[in-house]
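To keep things clear, I will list the structure first and then write my remarks on it.
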Amino acid sequence: MRKRFLLGILVLAILSASMVSMAAPVYKIAVVAPFTGSGSILGDYIRNAFIMAVEEINAKGGVRGRQIEYVIYDDAAAPATAINVVNKAILNDKVDAMFGPNMSSCVLAVHDIAKANKVPMLVGATSPSFGFDKVGNEWLFRLRADDEVKVVNLVKYAVDNLGVKKPAIIFGSTDYCVVAKDVAVDEFAKRGIKPVSMQQIKEGEKDATGQLLNIRQAAPDALIGLTHEPEAAVIMRQFRQLGFRDVDVLGFSAWGVPAFTDLAGAAADGVISVQGFTPEYQDPKVQEFVQKYQARWKSLPSDPAQAYYDGMYLLANVIEKVGFEKEDIRKGLTELKDFPGVQGPLTCDAKHNFTNFSLISQFKSGTWNIITAIR
Amino acid sequence: MSFLKLNNLTRRFGGLVAVNDLSFEIAEGKVTGLIGPNGSGKSTTINLISGVLPVTSGSVEFMGHRITGKSPHAISRMGIARTYQQIRVFESLTALENVQVARAGMYRSGLADVLLNTGKLKREESRERDKARELLELVGLGKKGDEMPRNLPYGFRRCLEIARALALEPKLLLLDEPAAGMNRDEFMAVTDLILRLRKTGLSVLLVEHTMEFVETCVDHVVVLNFGQKLAEGTFHQIEQDPRVIEAYLGKEEL
Amino acid sequence: MLSLVIQNAVAGSAIGLLYGLIGLGVVLFFQTTNLMNFAHISSAMLGAYLCYTYTVMWKLPFALAIVMAVMSVALYGLLLKRFVYAPLAKRKGGRLEFIIATLMLSVFLLNAVIVVWGGVPLPFQGLFGSDRFPIFLGNVVIQYHSLFVLAYITVFVIALQYFFTRTMTGKSLRAVAQNPRAARLMGINVDRMLNLSFMLSTGVTALAGILLIPVYFVSLDLGSGIIGVKGFACAVMGGMKRPYQALLGGVLIGLAENFVVLFVSSTYRDVITFLFLIIFLVLRKQAEA
Amino acid sequence: MERFKKVIPLLAVALFLVIPLVDDNQYHVYMLNRALINCMVATGLVALTGFAGQMSLGHAAFYGIGAYATALLTVRVGFPVWLGIISAGAICLLVGMVLSLPSFKVSGFYLSLVTISFGNIVWMLIVNWHSLTRGPLGFPGIPSITLGTQPLSRVGFFYVSAVVLGLMTLALYRLSRSYIGRGMKAMSDDEQATETAGIDTKRMKVLVFSLSALYGGIAGGLYAHLSNFLSPESFVFSESANFVAMAVVGGLRSIYGGVVGGLVVTIIPELLRVKGWEIYYLMGSSLAILLLVIMLPSGIAPAVQNVYNRLGARLGIGGSGSGSNGNGSGNGSAAAVRGDSKSGGR
C-alpha cells in the first residue's frame, strides 16, 4: 500500500517536471476558457477558432518573424478557478498576451492581475458590468458586442417592428442573464412599457412549466427570453407544449446558436434572436470563414468562434505595427481603427469594445433568416 | 423517601407493550436483581430508568426527584450510571480515556482553560487521570490503560465498561446482563467485582439470566413477565414461587 | 385560477415522477446494501449518453440500444463494487469514506463524459412521443411522456415488489442487507448478492436516465445538477424503505416546487424546497423516536 | 528521545514556511495561500466529522457567509479588514450554532442531506439577494489586508494565514487532548453511551458545529481579502464536497489531517494543469483523490505518521517504541462500511 502511494507521488513529480517548457523566441499567448463545468459549451468554439487563426498566422511566418505559441487553460466557468489559472498564465508561464476568460464574472475576478502585470487581456465576455467605462482597466479589451447594445436592439425591434406592448420576461440566474434583464426592463421603461410578468429559471433547471403558466396567466403579447442555451430549449419546448398562441418569442444571443436550436428542435421555429454572429449570414467574408472552420473542425462555428478568430488577427496586426513592447501593444489596440474583421471593420471605441455589430434573425424551418444587421 | 421508585411505568413500541404498568422500589445500599424470561422487558426497564428511551406513561423517582423526561446525561449526573447488554465501550479511545470520558462532569475548567491550557486545567487533568487509573486498578485493568479496547479480551471489556460507569461516582449502578457471554474465569472476576462494590455500599440494579450469579450477588429480586411484575422477594422466596417457576424457572428445568 | 392550480399540480407531479425515478434507485441500493452512493446520479448520465451513442452514432435500433445501455451501466456497477467498494471495505473505510469516494467518482465520471462526448448537450429527439402534441383536457395539458413514465413506473414497482417478496433471489438480497452475517450462515452467497445489488441499482438508474432524456436532454445536468440531491430527497421522504414511497416523495417535491413558483416566486423556488426538506428530515426523525 | 522524535516534523514545517522566501514565483505563493485557506476549512471539518462524528456536506456555506460578511462590512460599512474577518468568524459561529440544532434529531446520511440543503439555501441566497451580494455579477473591490498603510504582499499573506492556521491547529490539538475532545471522540463512537457517561452531547454538538463554522468563516474572510472579488460560483455544493475530500484525504481522525489534505487536494489539480491537458486535468485529479481515499481510507497523515513511527522504531529512536500509540495513528474509522448499524439495545 505504501509502495503504491510512493509511486503515485513519483508520477506527480514527473508530471510537474514536464511542465517546464523550453525557451525559444516565440510570442506566447494564453487562452482561458471554460472546458469543464457549466460553460463548457463555449470552450470548444473558442479553442478551435483560436487555434485556426494561430495556425494560419504561423504558416505565414508568424508575427515579426516570431512563431506564436499558445497555452490553453480551463477556468471551469468559475471565478475562483479563473484566478488560479490567470495567475499561472501570467506569473508562472509568463505569457505576453491573454485571451479570455469568457465569462463576465471571471473577467471581473481576474482583470486586476492583467493590469498589475501589464498584460493585454482580450475577452469575449459581453456583460456590460465590466466595460472599460465601469472598471477603468486600460489593459482590458472586448472582442464581442456589449450585451447592452444587443438587448437595446432587441427591445427596439420588438417595440418598433412587432408592436409589442405587453412583454413577459423570463431570465436566467447568471451574470449574463441578470444584466440583460436589467437592461431590457430599462429599455422597455423608456418606451413606457412595463413587463406584465417577470420569471426566473435557474441554470440547469429543466422544468419551466410553473414559470410559463404564470406568464400565460398574465396574457403577454411577447416572450423575451434572456437565458443560456439549455434553459432556452427547455422554455421553448414547454412553451409549445403549453399551447401559447399569438405570442412572439424574442431571445437573447444564446437563443441564436446551434446548441439551442438542436436541443429545441421544432419548438425553436419562429424564435427571433439577436446575435453577434451567425454562419447563415450571407456575406462572402463570413462564408469564407465558415467554410474554413468547417473544413478544419467538421462543425459550424458560433459567435465566440468568430470573435476570438478576429481577436487573434487584430492582435497580430497590432504587433506587426508596433512591435513586442506590451505598453506599445496596449496603445496600438486602443488606437486600432477599421481593422477588417470577418463581419466588417473593427474599431476600438471609448468603452474598449471592438465591435457593436449585431444581427436580428428569425429561425424558420431549420435555418436562421437574417432580418436586419445593425452596426 | 424511597431511593428509586418506579410508578406505573409503561412503554409501547408501536403495538407491542414492552413494559406494562410496572411499579417497584429498590432500596439503598442493596443489590437488586431484575429477572424474567427473554423479552419480558428487563432491558427496556433499564433503558427507561436511564433515560435512553422515553417513557410512554408513568414515572421514575430517584431520591425524591422525578427523573422521567430528563436527558440521559442529566440522569447520569444525578448518580445513576449504567452498562449495556452488548458492551458499548468507545473503540477509538484507550482504556484509560474510556474511563476519563465519564469524568467530564468533575471539571471546573471551561473552554477557555482548554484553549489556553491553563494550570487549573493541567491540575484537573492530572487529578482525573489518577482517578481513572485508580478505577482501572479497581476493576483489574491496572496495567491495560494504554490498550485500545479492541485488543482487550471480552471480560476485560466488560470490566472497562463498569469502570466507566463507576467513574461517574454513581449512587445507583444499573448493570444489564454483566455476566453474559463470559467464560468461567471472567465470570468469577465480575462476580467478585460486584461483591466488592456491594461492600462499599453502592446500590446496584442488575438484569441477569444466570441464576448462579443472581444467587451469589443479589439481596432482592424482582421478576418480570410480559412487561409486568410477576413477583418480588429474596432469591429463595422467588425460587419457590410457583408462578415464577411456571413462567421462567420451570421452563428452564424442562 | 382553478385550472391554473390543476395545471400546476399536473406539471408538478410529472416532474416529480422523474425525481422519483432517481429516488427509486437510491432506495433500491439502500435496501440491499445499507449504503448511499453519491455517484448514483452518474449512472443516469451514463445510461443516457450510452443510449445516445448506440442509437445515434452506432445506428442501432432504439430498443436494443436501451438494453445495451442498461447492461453496460450494470457492468459499470459491477466495476464500482469491485474497484471502489471492495477495496474500501477491505481497508475498513467507513460510510463517510464511501460517500467521499463516490462523490469523487461522480466528478471523475462527469469529466470523463466531457472528454468523450463534449460539454454540449446532445439533441436526441422523438423519444416517447415527447414532441407530438400533448393531450388537452380543457385548459390542462398532459404530456405523453408523463403518461409513459407513469406506466413504466407502475409496471416496474409491481415487478420489484414481486421480485423482493416472491423470488428466492429477491428475498436473499433483502436478507443480506438486513443482516449479512446471518445471511452468510444461512448459506447465501453474500458477495454475489452484493454484486447483484450494485448491478441492479445502477442498471435501474441508467434506465431512469434514458427516460429523463426528453426533459433533461443528453446533458451533463443529468450527472451534476441538483437532480441527484432531489433523488436522495425523494428517497428520504419515502422513508428509504419502499420504492413506491420514493415516487410519492418525488411527487411531493414536484408539487411543492410548482406551487412555490405559483404562489411565491420562481427566484426562491429551490430555497423553499430545501427548507421544506430540512424541516421534513427533522420532524421525521422526531416522529420515529 | 522524545524530543528527537519531534525534530523531523518541526523541520518539515520550517521547510514549508521558507518556501515563499526561496521561491519567488507569485503563482506558487498564490496557490499556497489558497491551500492554507482550504486547510482551515478542512481542519474545521476534521473537528466536526473526524472527532465529533457529525457529517457536513455544506461547509462551503460557512466559507461563503464568511467571505461575503467581511466583504460587506469592509466595503459598505467601512470596517478595518481585520475586524471584518473577525466579525465574519463571529457571524459564522452563530450560524453554526443554528445549524447544530438539526443534528440533535438527525445523524449520518440524513444529517449530510440537511447540510447539503443548508449549503444550497445559502448559495441561492447569495445568488438571489442582489441588493446585498450583487448576485451573479460578483462582488468586486474588496480591500486587501494591510500592514500599517501598505497592502500586504502575497508572501505576507502567506505568513498571516500560516499563523492563523497554526493557531487553529493548536486549538484543535488542545481541545482533542482535553476532556472536551475525549467527549467528542466518544460521541462519534457511540452517542448514547456518551450521554449515559454523563456528557451533554447536545452541548457538544453546538460547540463543535460553531467551532468548525468559525474556522470556515475565517477562512472565507481571508479568501475574500486574498482574491478581492467574490462570486457565487465559489460556494457551490461541489466546493463543500471538496472540503470534505480534503479532510478525508488528509486523515479525518488526525489533528494534521486538515492541513495535509488541504495542501494535497489544492495542489493536485494545479500539478495536472499541464499544457494540452485542459480537459483532462479535472478527470485526473478526481481520479487521484478517489484512489487516495480508496487506498488510504484513514488518510495520508496517519499513514505518514505510521511510517515515521516504524522507521523511528527501527532506528531505535521510537521513544515508547510500541506500534500502537493512542492518538490518531490509523485507528481507521469506528464504523466499517458494512455492518455498523448498532442494534438499538432494547
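Points to keep in mind about this one:
Lettered A, B, C and D in written order, each chain numbered from 1.
Keep this in mind: a residue touches a chain if its C-beta (ideal position, glycine included) is under 8 Å from a C-beta of that chain, and two chains touch if they have at least 3 such contacts.
Computed from a prediction, not measured in an experiment: that's the story for all the values here.
Taken together, chain A and chain B share the touching chains D. Looking at which of A-D and C-D shares more C-beta pairs in contact, the answer is the pair C-D.
Chain D has the C-alpha centroid lying closest to the overall centroid of all protein C-alpha atoms shown. The chain with its CA mean position farthest from that of chain B is A. For this pair, chain B with chain C, the centres built from the Cα atoms lie 46 Å apart. Averaged C-alpha coordinates give centres for chain A and chain D that are 36 Å from one another. With centres defined as mean CA coordinates, chain D is found 31 Å away from chain C. Distance from the chain B centre to the chain D centre is 39 Å, each centre being the mean of its Cα atoms.
The residues of chain C that reach two or more other chains are 111, 114, 224, 226, 267, 270, 289, listed in rising order. Across the assembly, chain D contributes residues 128, 279, 282, 295-296, 334 that each touch 2 or more other chains.
Contact with two or more other chains is made by residues 35-36, 43 of chain A. Every pair of chains meeting the contact definition is listed here: A-C, A-D, B-D, C-D.
Only residues 13, 18, 43-44, 47, 50-52, 71-77, 81-82, 84-86, 88-94, 97-98, 100-105, 107, 111, 114-115, 117, 121, 125, 128, 146, 148, 151, 164-165, 167-168 of chain B touch chain D when the two sit together in their complex. By the touch criterion stated above, chain D contacts chain B in their complex at residues 171, 174-175, 178-180, 182-183, 185-186, 188-190, 192-202, 207, 253, 324, 326, 331, 334, 342-343, 345-346. Residues of chain A that touch chain C in their complex: 34-38, 40-41, 43-44, 199-202, 204, 206-207, 209-211, 213-214, 217, 229-230, 233-234, 237, 241-243, 259, 262-263, 265-267. By the touch criterion given at the top, residues 49, 55, 57, 102, 105-106, 108-110, 112-114, 116-118, 120-121, 124-125, 128, 237-238, 241, 244-245, 248, 252, 279-280, 282-283, 286-287, 289-290, 293-298, 332-341 of chain D touch chain C in their complex. Against chain D, the residues of chain A that register as touching in their complex are 1-2, 4-5, 8, 12, 15-16, 18-19, 21, 35-36, 43, 71-74, 76-80, 83-85, 87-88, 90-92, 104-105, 108-109, 112, 127, 129, 135, 173-175, 177-179.
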